[in-house]
Each structure stands twice: as C-alpha cells, then as structure tokens.
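Here chain A shows up in two complexes: once beside chain B, once beside chain C.
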Partner chain A sequence: MNHRVLVSRIVFSVGAALLGAAFALPLIWFVLAPFNAHADLDLALPAPPTLANFSRVFANGAAVGALLNSLLQAFGTVLLVATTATLAAYALARTTLRGKRAIEYVLLLFSSVVSGSAAMVPIFLIVNALGLIDTQLAVILVFAGGLLPTAMFILRDFIASIPRGYEESALVAGASQWRAFVDVVVPVLRPGVTIAAVWAFVQVWGGFLIPFVLLRSEQRMPASVEIYSFYSQAGTPIVPLLAAYSVLYSLPVIALYWYVNRKYGFRFFGGIKS
Partner chain B sequence: MSSRGANVSSRIGVAFMTPAAVLIGLFVVFPFFWIIAVSFTNRSLLGANALHPQFVGLKNYLDLFDPATFWSQGGFGPSLWLTIQFVVLSALCGQVVLGLVLAWISRELSPRAKSLLQGIVMLAWILPDVVVGFAWFAYLDRDAGTLNQLLHGLHIPAADFLIEHPFLTICVFNAWRGAAFSMMLFDAALQSIPPSYLETADVVGASGWQKLRDIVLPLIRGHIVTDLILITMWTFNVFTPFLLTAGGPSFETDILPIYTYRIAFKSFEFGKGSAIGVIVMLINLAFSLAYLRLAQRGLRKKGKAA
Partner chain C sequence: MASIQLDKIGKSFGAVDTIREIDLAIGDGEFVCLLGPSGCGKTTTLRMIAGLEQPTRGSIRIGGRDVTCAQPKDRNIGMVFQDYALYPHMTIADNIAYPLKVRGVVEAARHEKAGEIAQVLHIDHLLDRLPAQISGGQQQRTSLARALVHPADAFLFDEPLSNLDARMRVEARAFLYHLQRSRGMTAVYVTHDQAEAMALSTRIAVMCAGDIVQYAPPLEIYRRPATTFVAGFVGDPPMNLVAVEAARSEHGITLRGAGLEVSPFASWLALDRALEHSDRITVGVRPEHLRIAKGDAGTNRLRGKLFANEAMGPESLVTLDLDGGVRVTARVFGDATVRIDGDAAFAFDTDRITLFDAQGVRIPGGAESSPN
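Take a look at the complex of A and B:
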C-alpha cells in the first residue's frame, strides 16, 4: 500500500470516529449517571455502581403510575390503530370502489398537512366539546386519529403484496368474506401489523404535546409529562432520579426498535416516524 | 389476470372503512376545517368570548401581518424568519448533509463499525423527546456539562450555550436529533447504485469527491429531493426545542410551533392561534403537494421501466 492511500485511509477512519463520537457525546452522561447515587451533571464514573436510584424511582408512586399510564395510552392507541387500520387498509386495497385513488390522495394530504402543533387549538376544542378533557380516552382517540393514515399506508403496501388467490381459494371453499379476511389475510399480514403497531406505540410513548394539552390531573399523566415531577419547585432537576427514570422510560422504545430491526430490518413504510 | 372474486363487496368495504373514517374525520379532517372557522373569530378560553365567540372576519390575519407590530419582539415576523433560518440551518445544512456524509462513510466501514456508527445515530433519533431534552440539558450545563468539560480540556473557554447561543444550539440539537432518517434513506439509495459504476471510476482514478459529485449525486437525486421535502416539513413543525429553551431567552428561539403554542395556550387567544395554524397548514400543504407530485412522477417512471 502506498503512502497516499494509507494517509487517506487514516484520515477517513479518524473522521468517521470523530463523527461517531460527536453523536455519542450528548448521551455518554446518560450511561453513567443512572448508576451513580450522587450523580450530578458532570461526567463521573459511579463509584461504586449502584441500582439505588432505580429503587428510589420505583418507591415513587406517581412516577410508577405515570409509566403505567404511558403503557395504557400506548396499548390503547395501538389496539385501536391496528384493528381499524387493518380493516380500512384491506377495504382500500381490495375494493373496486370508484374514487379510491381520490380517497388515498386526500388522506395522504390531510395526514401531512394537519400537524400536532398547528391543530392543537381545534383538537382541544373538539375534545372539550366531547366532554373528554382530562381523560386517557381522549389521548388515545386523538393519537389514533393522527396515526391512522400513516398506519393505513404501511398496511396497504403489505396487503397489496398478498396474492388474491389466497382469499379466492377460501371463498371457493365456501368461506364468507369475513372468514376469508380473518383466517387467511390477517395471519399473513402479521409482520405488517407488527411494524405498524410498533411504530404507533413509539409515537404515543414519546408523545409530549397531546397529553400535555389534553390532560390536567397528575394521576392521569403519562411518563413524558410526569417526568417533570423530578424537578424541584425552583425548576432544578433531581438529577439521580431523573436519570434513572429516563432510562426506564427509554427502555421499551429501544427494545422495540431493536426487535423490529433484527426481525424485519429497517425499510421505508410511507415515511415512518413523522 | 382479473380476479374479481377476491374483491370485497362495497357493503363490506364501507363497513371496514367506517371506524377508521370516523377517527380520521373527527381528529384530522374536522380540526382542519374547524381551525379555519375559528381563525375568523375572537374565541378565547375564558370569558364571554369562550361561549359566544364573535365573527371578526380577517382581523386575526390582519393583526398578524400588521406592519406596526409585525417585526416587534415576540411577534409573527421574527418567528417566521427564525423558523426559515431554523429549517435551512438545522434541516437542510444539518440533517440532510450529515445524513449523506454518514451514509457515504458507512459504505467504507466494516460491518461492525457500520452498525456501531449507525446505531449511535439511530439512538439520537428514537429516544423520547423529553429524554433527549434532559440529556442535552445535562450535556450543555455551564459548569459541569460534558461539552464544557471537553472544551475545558481543549483550553476553550466555557459557555452557557442555552443562554449565550440559544438559536445555534437548537439548530445543532435538531440536526443531531434527526440525521438518522436522512442517513437511512441515503443508505438505501446508495445501495441501489450498481457497484460497477464506482469500480469503473476507481479504475480511471477518480477521487472520492469526484465520485460523489459526478456519479452518486446525479443517481440519487430523487432520494435527495424526497428527503429535502420530508425533512423540511418535519422541521417546520417540530416542537421539541421547546423542551430545551421554551422559546427563550427573550424570544430568540421562538420558532412557529412554539409561537403558536404560546399564543393559543399561554395567552389563550384561540382565534389568533388558529390563524397562525392556518398559515402553517398552508405552508405544509405546499410541501405535501410538491412531495406527492414528485412521488407520482417517480411511480410513473418506475412503471415505464418495468
């Protein structure tokens, strides 16, 4: 290997390492602080590493309750989105309805135009008119409505790849259309539903603005909002607990992404994560 | 081959679509029209105008664009201008360029180094908003934060970035936060380039930059445009910097989503907040139409090639 190639190789490796380090730097503190009982904002090796912060978090009823609220809101939304999006996407993919393309076009347009921050006011007013302010149901319904169009597009592509012959043979064998859908299409569609469900779960789990605007009482707040209870009255964070709580709160998201990535690999499904 | 047998009847089709249609109608389509209606009223959260809002015509819009107050501190003008700068710096110069560089570098790395690099970048993207908000709060701390400790080691004077350079900080933050999407999109795009093209370039002795400029960029132009539009649209609507700066200090990071939130839910001027919302949605509409148009052209091209 001549000199120039060697030098450019070294420059390249150093550059790549520096770039990776720049991305990692803001998170390094996060790997250490949760295990340090006296964690502060400086970077320090925990001596000795301890799980004390985590047990203090688990002793805090409101914090645990908030994680459970997050679970409830995320699972509620996922159930609603997965069932309604599967049904609707199937109908869209297999119908001969005229104007189907127009429906899809308008849907795509609305889903990208109406953003959370622009539509906050009317959504608040609608939820208020429905008498659902400060209920977890409101959070679930609003998230479901917002996530549905994208979930439908993810699923539609999966359904389009299922040969129609599958359902035809079921219909020929005497199954009703509903049975053909439930017994033939749904099982084949499982990877698509998993990906849409994981995506929806992550959106709700991390969502801050919607619960922040729609909920009032502390006992209904999800972790994304309740995390601020780890700040003192003066607004300064109680660092060790906040660090431990953040890790607990991040774990499901990391685990789900890792699972989907390992099982299906990352592909693009109509602009995942908006 | 036509296979009408598997088509669902319109009765079942409608039944299947109804639940989704109700939810989308109620929480996506209806808000869209309601926001337009509210923007012509003086609706507020409390007081007489909450129950009986009055029609005020274009007043909210005229107020927003009133030349006397347009450029005043905390007004619509500075917020709009700040948002444009934010999109150009953090999305176009930040995320898109970083994503391209990361994808380009990944090609030359060993599989293990590649998944390490991409894993770190992905982590910045998938963590919940409030967690990255707190991580950056710790990272940027004036006295003890990792960044200032590092600068101290390099003999560069420490700074309170969120106070002294708030706008630059949220730009860097947003670039860091969102680069993963562009990286993955370009990673997929680069893999679609036939290796023989680049090998030929190697044989004639092209430099890395020449390969990028003359072969890669023209081939992935479609992906770049898609990326530009999506990233622009998302950055335009991003609320996360609120968790770092809450729009301050003294409105220096008052980008449009934060401005909307402040007018609607701090001052409780729903009418005016909706008018801003309408303008934001119109800008979103322009981006989506451009995107849909490009996507359809891409599909048609693909159809011809097949």
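Take a look at the complex of A and C:
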C-alpha cells in the first residue's frame, strides 16, 4: 500500500516536472537568447552576456519605427474602442429599445466574423474604395470595428452591475443625463474600461493580417509584420536579432499587464467570469 | 419649500395599471407618507414626483409649476434613496457637495456648505472617508445630508430607514421628525412601516393596488380607517376584524358572528343603507379597546381559546382563537402577568367598535365617531 503510494507519487512528480520543463524551456530561451551574440535555437547560457543584439536592432530604423507604428495603431484603436464601446454599452444596458435582444445577437454574431480572415477581401475592397489603403487610419478603423462588439459586451455587463440609483441620485441632485454619466458612471466603470482597453490593446498588438493586407509601405508596418524582416530571403530566422526584437516587442504588453494587475488586481468580472 | 399636487396621475407598464388614478395635494411644509404593502405603487408614485418615472396620464405640479414633463434636474428636489446611492468613488464631503457641484458652486464654498450640514447630522468627522469605509447609519445620514445641502422645494424619501437595524431606525426616525418640523420642509416619504408613517406624518396616504384608499392625518386614520384594508394595515398589532351577520330585533340591531356578540343598539341612516345591500358586516375593534372579561356571561364579548399570552414589558398581547378560525388580539397595559387560561373571553364597549359594510368600506356615524 505505502509502496504503491510512493511509486505513484514519483510517477506524478516526474510527469509534472517534464510537463513543466516543456513549457519553461522556450521561456528560458526567450530570456537568455537575446543576450547571446551567437544565439541559435538551442538553449545556451550567453558567454559572455552582451547587449550587442539590441544595439543591432536599434540600429535598424525600420524595426524601431515598426514598434512606434504598433503603438500608434494600438493606442488609436484602444481610444476609439474604449470611447465608443462605453457609450454604446451604456445605451444597450440602460435603455429599453425595441428589438434590443435582436441587435445584441446580430452584433455578437458578426463580431467574430468582421475581424476574422473570412472578411478580409470585402474589408480590403471597402478600404480601397474609401481610398484609405496604406494609411494607419484604415488599420485603426478596421481593428476598432472588429473589437467593438466584444468590448461592448464586456462593458455592458459591467454597467448592468452598477446600481441605477447612482445615476438617479445624480439626476435628482440636479445633473443632466450626460453629467450623471460622466460624473458617476464613468468613474465607477473605470476598471471595466481598463480591462476592455487592455484586451483591445493586446488584440491589436498581436494582429498581423489586417495591417499586412491594408498597408503597403514598410515605414507604416507594425512590429507584428516587421518581425519577419529578421528572416533571411530563404526564410531562415536570424536568431540573435529575432530574439532581441521579440523581447522589445513583448515589453509593452508585459508592462500593461503589470500596471493593470497592480491597480485593480487581475480578477475578471462582468462579462468574463473567472 | 413648496406644495405638491398630483392631478389624476396614472402609470401603466404595458397593459398593467400600476397606478390607476391618483389625486394628492400636499401642502407647503407637510410631511406626507405614502404607506402600503410592497407592489401597491407607492414607490412608483414617488419616482413620478421625482421625475425618474414618466406618468402615463395626469399632471404633477410642484410649487404651482407644472413639472409633469420636466427633467429631474429641473424640479429642484432632494431625494434619499433606500440603498442611499452614495457615489463609491467620491469622499463623503464630495458626495454631500455633489448637488452644489452640478450647480456650479466653487469647490471651497461647496465644501464649506457640506461641512455645515455634516455637522448638523453629526458626520463631520467622516468627510474624508469613502462610503465603503463608514457604517450603514452613517451612510444613511450622508445621503440625507446630500439631499439637504441644497435648498430644495421638496424632499423625497424612498424607505430611507429600512436598511437600518431596529434601534437605529427609531433614533433616525425621531431625528427626521425634528429635522422636518424645525425646517418646515415639504416631504414625501414612502414606507411600508405603519409605525414610521404614524410617527412622522402630518398626513398619511394609504395605498393599495395602485389607489389611494385613505388620505388623512395619522390619528384620523387610526381612529376611523376608511376600509378594512386600512384597519388591518395600520396599528401594531392591527385592528381586529371579525365578520358577523346583522339582524334586526325589537331592541335594535344585533351583530353576531364567530365568537362575537354585540348587544342590540339603535341603528342610524348609514347603517340602514348598508344593511339594505347586505347583512354581512365586519366588526373592527382595536387591541387596546379589548379587555379580559371577568365573567363569561353577557354580550359585547369575544369568546375563544387562548392562543398566545405575550408579556412585552409595558403591556401584554393576549391572542384568542375564535370559532371561525379568526384570531383576535388584546393589548393589556401594565407589566403584570395576565392571568388567563384555556377558554377565555374579551369584553369591549359598543362605542369602541368600527363597522365595515360587505365591501369592507367603513360605515360612517354611529357611536365610534364620537370623540373620545
């Protein structure tokens, strides 16, 4: 009996350790390789550790510009999505509109389609007809359109959890509907907006297809596309530079999660249940 | 301060009439309670006065001005909500000062005003805290302070004390009474607690199923309830109601029902009219007008089996089960133990009973209307 428990413990521990290692190894590579001037796909301690990879990446103007483009697209989209989704979600949560359920259903249905690759051809045709091909605005608009419905649903549930009494007491205190919204709903809703915004940011940051299809010139490409410039013509990666660039590319997202976690703690509530 | 008039106000949600047709005139400086069980439309009525709900029919005037279609912000009212509705992200000072903020008062001035009113309500030591950091009673006072900080035409209260524990409720009630009387505020107060309504009101509007059943000063409602509904709602314990049959005899009218017998008495016009329609009458008698009968014989008796004998301290509540499954309670004053056992009887005086017709409407006149 005791013997069997011991064996099963050992088997479990070894299994879990192997599984953990399988997940940990790429991360360790991700941390070590950027500081290794001769990094390849094997795991190796950098000897000696160096920042040479980073200085070579920073010397590459297009690669640095791409990070800035990513920031521009991400912040532009987040701003647009956060504002419009808050307003739309407020209307959805608080009004008694005829056919509201149907509208919500259609929105939810299309939200997964619009930003998906299935809609890429019509999106390209529309953007082309608008004369917006190769503009950051096109990328921001298309991303925002795709993310808006889901952001609305996240926020709608947040708003539904805010007691109506808050707004009503502001109304009888003498505030207009808009004033009550700005003074009372928006501050209370801030954690919800932050979560929707971070989510939208991450979506845009990692989005490849939309900027790849809608943009032409290299100086407008975001990092998610530009990262492929660290591949040789033959398609083999230039590993040391790719590793360094990957770290730079991940930093904003890591920083963002760190900030949100510190400010609100990572609990998902509202639309996404933990 | 201002008067409030509701003129033929009605509210329908779809095909359902929540409020049928209400007329209510509230004088300047009056404290009117809308009293009724849940779902009777009292909160809807209050929300229509506040402008948070749009009436389907009729008109509302505050201070003579027609505000039926006005936004809440244009009605110049102060309101206290049942759950207080304090803004969780603002300090107590900012919460109290909010009505001044939306009116464009500069920060220093509005915080000074908030400080003054907080002092009156004894919450001035909490001004820097957030609502989540203070107790329920303090939150209640904060929400009261927010309603009072700006000189409104009328103050609306939506069950403001119902979230407090029993002891604090009585304390806050007396405080509200004093505040309203000393400031001459016009107040409309929604409650389902008849004791609150009795204690605070200058007049009570008793509501039932979207109608005002009776609108009168508290003691008038207590002495002369318009219907059996009012009689059974006001008073703690409420008025005892026993269904009887009326019969005429040579000595006058006799009333007889389950365990109850009233001595013959002379009829009067209103009673005659009621008896023309039906000889079914409901006899109402307040618990304090019943006493333990010494002997079992005679009329003006309620006979039954002892159900409960509760000594409350200053009084005892003695409950009998009558024959027809009816239960009646007597309030016996004094802190002595009431000696009563098994089969027992209550006695009452004929001039202490209230009669209701077959529809449950009070039959006016008769002995009970004499002032004593």
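Note that the second predicted complex is superposed on the first by the 244 of 274 C-alpha atoms of A that agree within 3 Å, B and C clash if a C-alpha of one lies under 4 Å from a C-alpha of the other, contacts with A are read in each partner's own complex, and residues count from 1 in each chain.
Note that contacts are C-beta pairs under 8 Å (C-beta built on N, C-alpha and C of every residue); 3 or more make two chains touch, one makes a residue touch a chain.
None of the values given here were measured: they were computed from a predicted structure.
Look at A:137: by the touch rule set out above, it reaches neither chain B nor chain C. Greater residue coverage of chain A by touch, when chain B is weighed against chain C, goes to B.
Judged by the touch definition given at the top, the superposed model places A:173 against chain C, while chain B stays out of reach. By the document's definition of touching, neither partner reaches A:182: not chain B, not chain C.
In the superposition on chain A, contact of A:18 is made with neither chain B nor chain C. By the touch criterion stated above, A:33 is placed in contact with chain B alone, chain C being left untouched. Of the two partner chains, neither chain B nor chain C is touched by A:51.
Of the two partner chains placed by superposition, chain B and chain C are both touched by A:165. According to the touch criterion, the shared surface of chain A, contacted by chain B in one complex and chain C in the other, consists of residues 165, 168, 171-172, 177.
Those residues of chain B that touch chain A in the shared complex are 3-10, 12-14, 16-17, 19-21, 23-24, 26-32, 34-35, 38, 101-102, 105, 108-109, 113, 116-117, 120-132, 134-139, 141, 143-147, 149-150, 176, 179, 181, 184-185, 188, 230, 233-234, 237, 239, 243, 256-257, 260-261, 264-265, 270, 273-274, 276-278, 280-281, 284-285, 287-289, 291-292. Interface residues of chain C facing chain A in the complex, by the touch rule stated above, are 50-52, 71-73, 75-79, 81, 83-89, 98-99, 101-103, 143, 146, 150, 156. Across the complex, chain C is touched by residues 163, 165-166, 168-177, 179, 183-184, 187-188 of chain A. For chain A in complex with chain B, the residues that touch the partner chain are 12, 15-16, 19-20, 23-30, 33, 40-43, 80, 83-85, 87-88, 90-92, 94-97, 105, 107-123, 125-126, 141-142, 144-146, 148-149, 152, 164-165, 167-168, 171-172, 177-178, 181, 202, 205-206, 208-209, 213, 224-225, 227-228, 237, 239, 242, 246, 249-250, 253-254, 257, 266-268, 271, 273-274.
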